[in-house]
Every structure is written in structure tokens, then in C-alpha cells.
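Same chain, two partners: chain A is paired with chain B first, then with chain C.
Up next, the complex of A and B:
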């Protein structure tokens, strides 16, 4: 277990370093970052000043080194639009996005796991086909259009839910549905496949043969084993969801990290964009690492490989 | 005594149907495949024939005729001159919908080709060589997966500047991961088979083995992933355009049309519903077609 943990940790750190290099070099995609930062109509003198102040006159490797050292100390740079340290702005917005992500994940699991179980009890039945069409439809629906449709029905036609903001828990219902529905298909398919496999195994037959109630067999014996891969899928998808929240947060004007990212892109606030990409990537790396550890803990066969 | 099979009478009853006939039967009896194929062909024709079947011009603004509702609404303003109505600048909505199909299909296909080439190359090399190569490719895949696609695409497009070509390239360079993952495991399975070993024993060169022995045997997986990724690229383009960083106005991208209609959701919600349904139908048909191809070519993988 220790060897596996160390190996997996090493990969995670290497990936994190590569991601940091990539998000650092994002700034150079525009050509000369000093010209971009100085803005339109800046004189040559201004551009030179910007170059010196931001250190763009140093060799790139030195720039990256000092950026990394700063980042490791928690200093992710300074937003030249908000006139505030990037890190503090990000950590101010992060909890909202986390809350949205957690609600969406809960919605997705509550919808997908029962559907997957029902579908697996009677494969190829009408219920199975209905659950499968929910998955197929979910995969084809653009999340922003689904969000606008929800607003149209629940917000405008029936006036049940508030359309924008984060004032109460009611504000989170529609965004969580819009964001969570996107991951329902994957969770449902995985639950269904896992249940189908487990239900045909010997110990389920034994449990049935000794006369346990069908519900006990289904939930206590089968689902517990079928759910293991779903846990790691959920962790990975949670990371994807934080990245995808940019669209949903923009529509519902939720003041989280995604909305901040969109605002920063509109303002050409490069240090902020860099930092958000880095933070979300590191978060994803952390989640997949934890998911792998959990899997290795639950299933000893993984540790040996 | 030997049984002379050639003398057995070959009637229609005791003959096995030919593989081609069996395939045709599977294709035509698979309703998902058929629906997907028919809808996709319809949208493709819509895009191809847009200049000939459109009622108007996608860029012509007639401000005196703006926000005419579609033909099925109760409003007296609805007219057969504009079956799907007009938008806030008085442009015919049906025409813009037809031309928008061109953009979606072009971006979906272009991004799918680029990502397919990158992902397949990486995946096949990793699967065939294994060892160090596999480790490096796996590392590249993990790194790519840890970066949020929508965010990186938005940031890069905003820095480089937006155009159709830029969107195709950015998406193509970002979404190759599933190609790589699936091609890698498919190649690993094929590599161990006898005919690959015998090709190696015969002294065939590696490129030849990869192209003539490995590739033909993983093509059906490749087609399935290609359809999935084309649908994925179309959805991403719509999201980018919706956020204002994809296709730029006045081009009629479906995502952009929804974005332009956002402010009119209170009084003219059909402006959002129509392009949304079009997007939904296109992505659904591509996905159904992909699932259908998987079922028809490898019925044993259905579950």
C-alpha cells in the first residue's frame, strides 16, 4: 500500500508541475504579454515600464521559477483589474462554487443511482428502456439551453423559483439541476452495469436461496458492491463539474469561481485566469488521487498492479 | 466414404444468409441507428442546401419586421413569409437556423478530425509499444484531463482572438483524450493476438503492422468515439459561442443565436427554444448513430 501510495503521489505531483507550466505559458499565447498588459495606445516607454515591473525582461525560466515559488507560498499574483491579490479573491468565491458542485452532485446521484438500480433489476424491460432514454437525452442536451428552459418554466411561467443570485437555498435548485443533469447519464450507466454484474454473482444467489427479502438482497448485498466504481466516478466528475460551472454560474449570476473566470476573461485579467485554471486543475488532481486511494483501499487487487 | 458437400442441393431454405445480408438486417432493424441516420442526413442536407431552400438571407436585417413570432403562435403577426419568425434584428429565423447547421457540422467535423488524429496516434503507440511509451502517453492523458476544457478553451480563444479556424483548432487540441484512452486499450487487446505475432515473425515493419494489422481491427471503436467526440465538439462550440467567445456575430451559430435571444426570454422564448431544439436534435442523432454503429458492429458489447 505504501509503495502504491508513493508512486501515485509522484505522478500527481508531476502532473501538477506540468499543469503549472502550461498555465504559466498561457500568458505568452498572445505574443508579447507586456504589450497586452499595457493596453491599447501605450507608448514604448510605458511598455518598457510594464516589462520591467512584471519581470518580463527576465529569461522565461527565471520568470517561471519566481512565479512558482510565489505560488507555493500562496501568492498567486496580483489582479491588475481588481487591484487585489488573486488568491484572496479566489478563496472568497470558491465556497459558492463548492456548494453548487455539492448540490449538483447530490442531485445527480439521487436521480441516477435509483434509475440505474431499477434498470438493472429487469434488463431490457420498459423501465430499463425509459431509464436509458433519460441518459441518452441527458447526453444530448446543451447545459446552457437546459438551464434557460428551466428558467423559462420554473422562473417565468410558473414563478416558483428565483432566477438569479444566491440569496437563499431556493436559488440553488435550478443551477444544481442544470449542472447535475449533465453527469446523470454516466452515473446511471455505471450503476446499471455494476448492478447487472453483481446480481448475476454467486453470493446473490446464495442470499436469495437462504430466503432473504428481495429488498435486503438488493440494497444490502448488491448495491453496496456495485456502488464502489460509482464513488470514484463521482469524484472525477465533481472535478469536471467545477470546470463546467462557468456556463451555469454565468446564466444564473451566481457569484462563484466560474463567474469570476468569465468576468476575468472579459476583462483580459491574465493573472486571474492563470490562477483559476491552476487552482481548478490542482483540485481535480487532488480528487482523482483521493479516488484512487479509496479504490486501492477498498480493492486490494489494485495495489499490486 | 466421404460426404460430398458440393452435391447437397443449395436451396434458399438451407443456405446461411450472407454476412452482408445479416449486417443489412441488423442495421435496418436497429431503430436508434435508423432514427439517428435519418435525422443526421436531414440536418446535413439542410446545411448543404441552405442557399437554395432558405426563405431569405441570413444577414439581411429588416427592422420593421423584427420579432415576428413563428407560424404556430396565435399572434396575428405570424406569416408564412417567415415560418419560424424573425429575430430582434428582423432576420429570418429559419434561414439562420439552416445556415447555423453549416457552422455546427463544420466545427464538429473539423475538431473531431484533429482530435482523432492526435488521440489515435498517441493511443495506438501507447497500446502497441507499452512500457515507457505507455507511461509517457498515460502521463500526457492525465495532464490533459486535469485541465478544465471549457475554461482553457475560453481563455485561449480570448487571448488568441476568436474565429472559426481558431475554435476548431482549440477544440481539436483539447478533446483528444477519449480517443487516446479507447484506442490504447483496443490496441492492447489486438496486439496480443496471433496474427500480429505472425506478422512480427514474418519481419513486417512496425508501421506496416500498425497500419495493415492493428488499425483495421480497431476501426469500429474509432468510428464510435469519432461520433461521440463530434457531438462533444458541437456542444462545446455552442457553449463557447453562447458565452460570446466562439463564433462571432453576425454569423448564425446556434449557440450564438440562443445567447442573442437570452434577453428576450420573457416575451419571445421561442427564440431560445428553436435553436436549442435544433442543437439537441443534431447531438442526439449523432449519439444514436454512434450507439447504433457499436451495437451493429459488435452486438456482444451491447451492455
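Up next, the complex of A and C:
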């Protein structure tokens, strides 16, 4: 188990470094950051001035090296645009994105697990098809379209929910639904498959033969085992939601990390982009690592392989 | 981020007709809520050069002079009077009854401090060209100063009115240090003399400004009316429209034409299309640096000018406030000559010119653009009608700018906003004086512009700018396309009028 853990950790560190190098290079490939910072219509003199003041006149490798050295010492740099320490901006916005991710995940699980259970109880019935349809629509429907539809209904027509901001818990309802719905099919299918497998196993048959109530068999014995793969899927999907909330945060004007990432790309704010990519990739890698460990813990065959 | 909007636009259109409840949120708490797509983190007009800070700059700060948007006349603001001392110095008498938002008195030390700080290149002002013409400022007395210019600079007053705001003396002295040890001037707490003072900022989310009750009474900016003005960032236009229709916002702009026209039927909002200082143009690789040498031939460039139906693009795509321009400038700018050779929409004439140039079978070329793809696609459609096939290369501005400057674009479809400066030197002198943006390197044009840019005699300037514009039009170096117009939408509760310089005057706005 120790060898397996170290191996996974090594891979995680390599992935983090690769992601960081790639993101640093890609921003240069998309254009001159000095032009982005100086603004549209800036004169050559303005751009040269910005390039000099912000150190963009240094070779890229030097800029990256100096960023990496600082980052390893815990200094993620200073945002060229927001004029504030990158770490403080990120950690100010991270809780909003994490809250949105958690709410979305909760929505997805609360919708998908019951649907999966219902579908597994009566496989291939109309109920199963209906549950599957509800879930599949979530994957087929683009999240921005679903988000705008929610705004149209709940925000404009019925005036039930606030459209933008993060002032109260009500502000998170529509974004969580829009973001979480996308995850529903995967969780639903996994729950359904797990439940079908477990429900046909010997120990469930034994439990039924003992005369246990159907609900007890279903939730206490079957679901508890069937849901294990869902837990690891949820851990990985939580990482995806942190990084993938850009569109939803943009639509609902939520000042989170996804929105910050999008804005930073637009204005070529290199230190901010680098730090966001690093933080998000560390989260993702950490969650994937935890999922691997969990799976290995639950299933010894994985760590042996 | 632009998202497909047809479904939402249709829904909003239908619902906006049904919404009769007016947007009361802003009026009821005397707070004007406005939004735009850009984030604002730094509230300092020298260290944030976005349009938002041009607007907030005029709300929170004052310059020495004020430009009357109606008459174009420069009026006293923080200065009571002024006089030129030769052609490289201006002396100002300052008001002695103005206070900064922190209660300190405004005087000559503040002007000297501000101008000497911002004109020092090492201090990293973002749009340095706004102040690059200033050599230094000297104190002549407690309320009198002299600004020394590096060279004669005729549009000095346009810059002083639009982009040179006064900060209190010592404003940037005790700012925190950045990670590299240099002072972080953008972190200075915003303090000005303007009609509104900054009372709260949440970086990237909102900026709250409150009425400055101590604002001097006879300011040409008038007396502020609305208690609080709150700016918010809303990136997605559909969301901003939804907030406007439901009362969460009182004012938005940059509304796409299609959505603006549908919203115009709503009883809750006023929609208006207003002109801006931005112009659209096509520029040719006159020197043949890109490897596609068609555009070295004047007849080909003239054929383009005849082939593009600019009236149709203006009318059908841009908006009613947009106009076709004959010259390489905005008609509202000083020196923008209108009586220059023009090219009417005439596809047959375009074909004849192409035939004359030996290109009767048409040709294929690369067209580069970065903004409003639909406008460029209309151009491509018109060119196809005369046998010219354009291959569109659509890029981000910051990537395209380098490509253009390297001379790698056979034709580029660009725009220019002149920083809202009402003087042609802000556009034509940038593109035709052999600088990095000049794709023509025409000595005659450069000579005319050199005279006009360095003279403080308005008649001499006008005459020489006109010569330059005539030469540019005769040679068809550009196809000047149209002025941009943008759609504004605001609550019916608001008494607001758009201005042609794209700087909404919230300090004169009031509730109905």
C-alpha cells in the first residue's frame, strides 16, 4: 500500500508541474500579455512601457523560472490586473466556488441516487426509462442553456429567485441546479448498475429470506454497497465542478474562482492564471489521489495490480 | 463570453412585453445600479485604463478644465483661467474653494505633484500617451501653476479635460510594496475632488460611489443628484438584461442590436442607440509586406471601396446612430475633413477597376479581423459579389495587433476609439506618421500631419489635416467604414441621456 501511495503521489506531482508549464506557455501562444494589459488601442510607447514595468521583456524561461522559485516559497505573486497578492484573491474567491461545487454535487446526488435506485428496482420498466430520460437530458442539455432557462422561469417569469450575486442561500439555487444537473446521468447510471449487481447477489437473497423488510434490504444492505463507486466518482467530479464552474459563474455573475479564471485569461494576467491553474490542478489531483486511495482501500486487487 | 441568445432573446422579448411592473429597486433606495462586462479592481484612472475607469474617473475626480460635450468648448473646472506662455507652456490660475473627499484643500501643490508623478515614465501609468506630452509642472503660487510641454501639443486641452485628473499631494507616496519590492501605486486609496466619492470596493465585484455633498456649487459638471451609484460586473449580457427587466439593475449598455430592438417594446425600460467615437476601417498592406501584393495597386484598393456596401452594413447591422464615414477619422473630431474623394457603392465600377488592374477573374486573399464577426462577414459577402474571395482569419485583438504591425495582414478590418479624444491627432497621426501602425509609409501624408500636429494655430492644423485626409482618400489607403453606435438600455425611472463620447454622465443623471 505504501509503494502504491508513493507511486500515485509521484505521478500527481509530475502532472502538477506539466500543467503549470503548459498553461504558462499557452498564454504566450495566445498573444502578447503586454498588449492585453495596456488595453485595446494602446500606443506602441504604452505597450513598451507596460512590458518593461511588468517584466515581460525577460525571456519566457526566465519569467517561468522566477515564478516557480517564488511559488515553491509560497509566494504566488502579484496580480498584474487586480493589483493584489494572487493568493489573497484566490483564497477570497475559493470558498464561493467550493460552496457552489458542494451545492451542485449535493443536488446531483440527491437527484441521481434516488433515480438510480428506482430504476434498479424495476429494470427496463417505464419507471426505469423515465428515470434514465431525466438523467440523460441533464447530459444532453448544455449547461448555459439550462441556466438561461432557469433564469427565464425562476428569475423573470415567477420572480422567485435572485438572478445574480451571492448575497443569500437563494442565490445558489439556480447555479447549483445548472451545474449539478450535468453530473446526474453518470451518478444515476452508476447507482443503477451497482444496485442491479448487488440486488442479485447471494447476501441480498439471504437477507430477503430472513424476512427483512424490503426497505431495510434496499437501503441498509444493498445501497450501502452499491454506492461505494459513486463516492469515488463524486470526489473526482467535485474537482471537475471547481474547474468547470466558469460558464455557470459567468452567467449568474458569481464572483468565484471559475469567473476569475475566465477574466484572467481574457486580460492575460499571467501570475493569476498560473496560480489558479496550480490551485485547481492540485485540488483535482488531490481528489483523484483520494479516490484512488479509497478504491485501493476498498478493493485490495487495485493496490496489488 | 458570448452565448447563443436566440432562445433567451425570444423569451425576454415576450416577457418584457408582459412586465408592467416598473423597476423600482434603484429609485426606492436612491441607488443607481449599473453594470458592464469588465471587472473593476483598481479604482484609479491612471492605473486602470478600462472604459469603466474613464467613466468613474469623471465621477470621482476633476481635471483642470472641462469640455462641454454640446459646444465642444473648454470651460474652467479646477482651474479658473489659463493662458499659453509661448507654444510649450500653459499657466493656470486655480480655484481656492475646492476640497478633496478626505477634507483637505486643493491647491497648486496637488497639481504639481500629480502631473510630475504621472508624467514620469517609471511610475508606470498604463496609458502613458495621455500624459507623455507633459515635461513637468511648476508651482507659481499657492493657486497658480505652469505646465511645461515637451513640444507644442495642440490637443493638450482635450487630454487635460478627458484624461488628466488631480490627486492630492503625496497620494502615491505611502502605497504598499509589490512582491518585487516596487511601490504598488494602484493600491492607493481613491481620493479625488469629483461629484462622487468612492465609498466601497469589492475587487472584481462592485464599486460603490456616494454623492459628494461638499462638491463645489458652480462646477460645470453640475450638482450630483442621485445618492449612490453602484457599479457591478455582469459578464453575460442575457443575465444583465434579465436583471434590468426585473429591477436588479437600472442601466446597461453594449446590448446587441437584436435584443435591444426587442427590449424597446418593454414598458419598463428605455432603449437608445447612440454614437461613439469608435470607427471601423479596412487597412491595406500597401507596401506588399504580407506576400500578397494585390494591394500595392491603387485600383484594387479603390475597387474594394466601391465593392463594399457600407450604408447597408450601417443600417442593418450597426444601428441607427451609426454613419458611414468618408475620411479616416470620426466626424466629431477636430480636423476631420469630410470633403474628400469618396467611393460610392458601385459593384460594376469595382469590377471595371479590377479588370483594369488585370484581375478580372477575381482573386483570393487573407482578411484579418477581431471584432463583431458579422460586420466582417458582410464585407466578405460584398467582395464575393465582385469576384474577390476573402479568407477570414478571426483572432483576439492582442494576438492580431502584432500580426498587423509586422505587416503580415494583406487586409485588416480594425476599429479605433481615439481614447474618446475629440481631435484627429488621436487617430490619423497614430496610423500615418511612419510609426509601427503605419502600413503605408507615405512621406507626403507624414509631412502634412507633422505640420498639423505641431501647430497651435487651428486654421493651419485644419488645412494640413485636410491635405492628409485627401491624400489618404485619393490613394485609398483605408476603406473608412462607419462610426460605431452602441445600444443603451435603462430604467424608465431614470432621467438619462447618452453622449457621443461613450462616457455616460452619471453625475448629471437623476430620477424622474
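Convention: the second predicted complex is superposed on the first by the 268 of 305 C-alpha atoms of A that agree within 3 Å, B and C clash if a C-alpha of one lies under 4 Å from a C-alpha of the other, contacts with A are read in each partner's own complex, and residues count from 1 in each chain.
As a convention for this text, a contact is a pair of C-beta atoms (placed from the backbone, for glycine too) under 8 Å apart; a residue touches a chain by one contact, two chains touch by 3 or more.
Quick caveat, the model's predicted, so the values are computed rather than measured.
Contacts of A:247 after superposition on the shared chain: both chain B and chain C are touched.
Once the two complexes are laid over each other on the shared chain, residue contacts for A:144 go to chain B and to chain C alike. By the touch criterion defined above, A:295 lies against neither chain B nor chain C after alignment on the C-alpha atoms of chain A. Of the two partner chains, neither chain B nor chain C is touched by A:5. Contact with chain B, but none with chain C, is seen for A:123 once the two complexes are overlaid on the shared chain. Once the two complexes are laid over each other on the shared chain, residue contacts for A:281 go to chain B alone; chain C is not touched.
Judged by the touch definition given at the top, the superposed model places A:255 against chain C, while chain B stays out of reach.
Once the two complexes are overlaid on the shared chain, A:58 sits clear of chain B and of chain C alike.
In the superposed model, A:196 lies in contact with chain B only, and not with chain C. Residues 30, 36, 144-145, 148-149, 151-152, 156, 247, 250, 262, 268 of chain A are contacted both by chain B in one complex and by chain C in the other. Within the complex, the chain A residues that touch chain C are 30-33, 35-46, 49-50, 53, 55, 70, 75, 77-79, 81-85, 89, 144-145, 148-149, 151-152, 155-157, 159, 162-164, 247, 250-253, 255, 259-260, 262-263, 268. Per the touch definition, chain A reaches chain B in the complex via residues 11, 14-15, 18-19, 22-23, 26, 29-30, 36, 123, 136-137, 139-145, 148-149, 151-152, 156, 193, 196, 239-240, 242-244, 246-247, 250, 261-262, 265, 268, 270, 273, 276-277, 280-281, 284-285, 288. Contact residues of chain C toward chain A in the complex are 1, 3-4, 7-8, 11-12, 15, 19, 39, 41-42, 47, 49-50, 121-122, 124, 126-129, 132, 178-180, 184, 186-187, 202-205, 232-236, 238-239, 242-243, 245-246, 248, 396-402, 405, 416-419, 430, 435-437. For chain B in complex with chain A, the residues that touch the partner chain are 139, 142-143, 145-152, 154-156, 158-160, 231, 235, 238-239, 242-243, 245, 255, 258, 262, 265-266, 269, 272-273, 276, 279-280, 283-284, 287-288, 291, 303.
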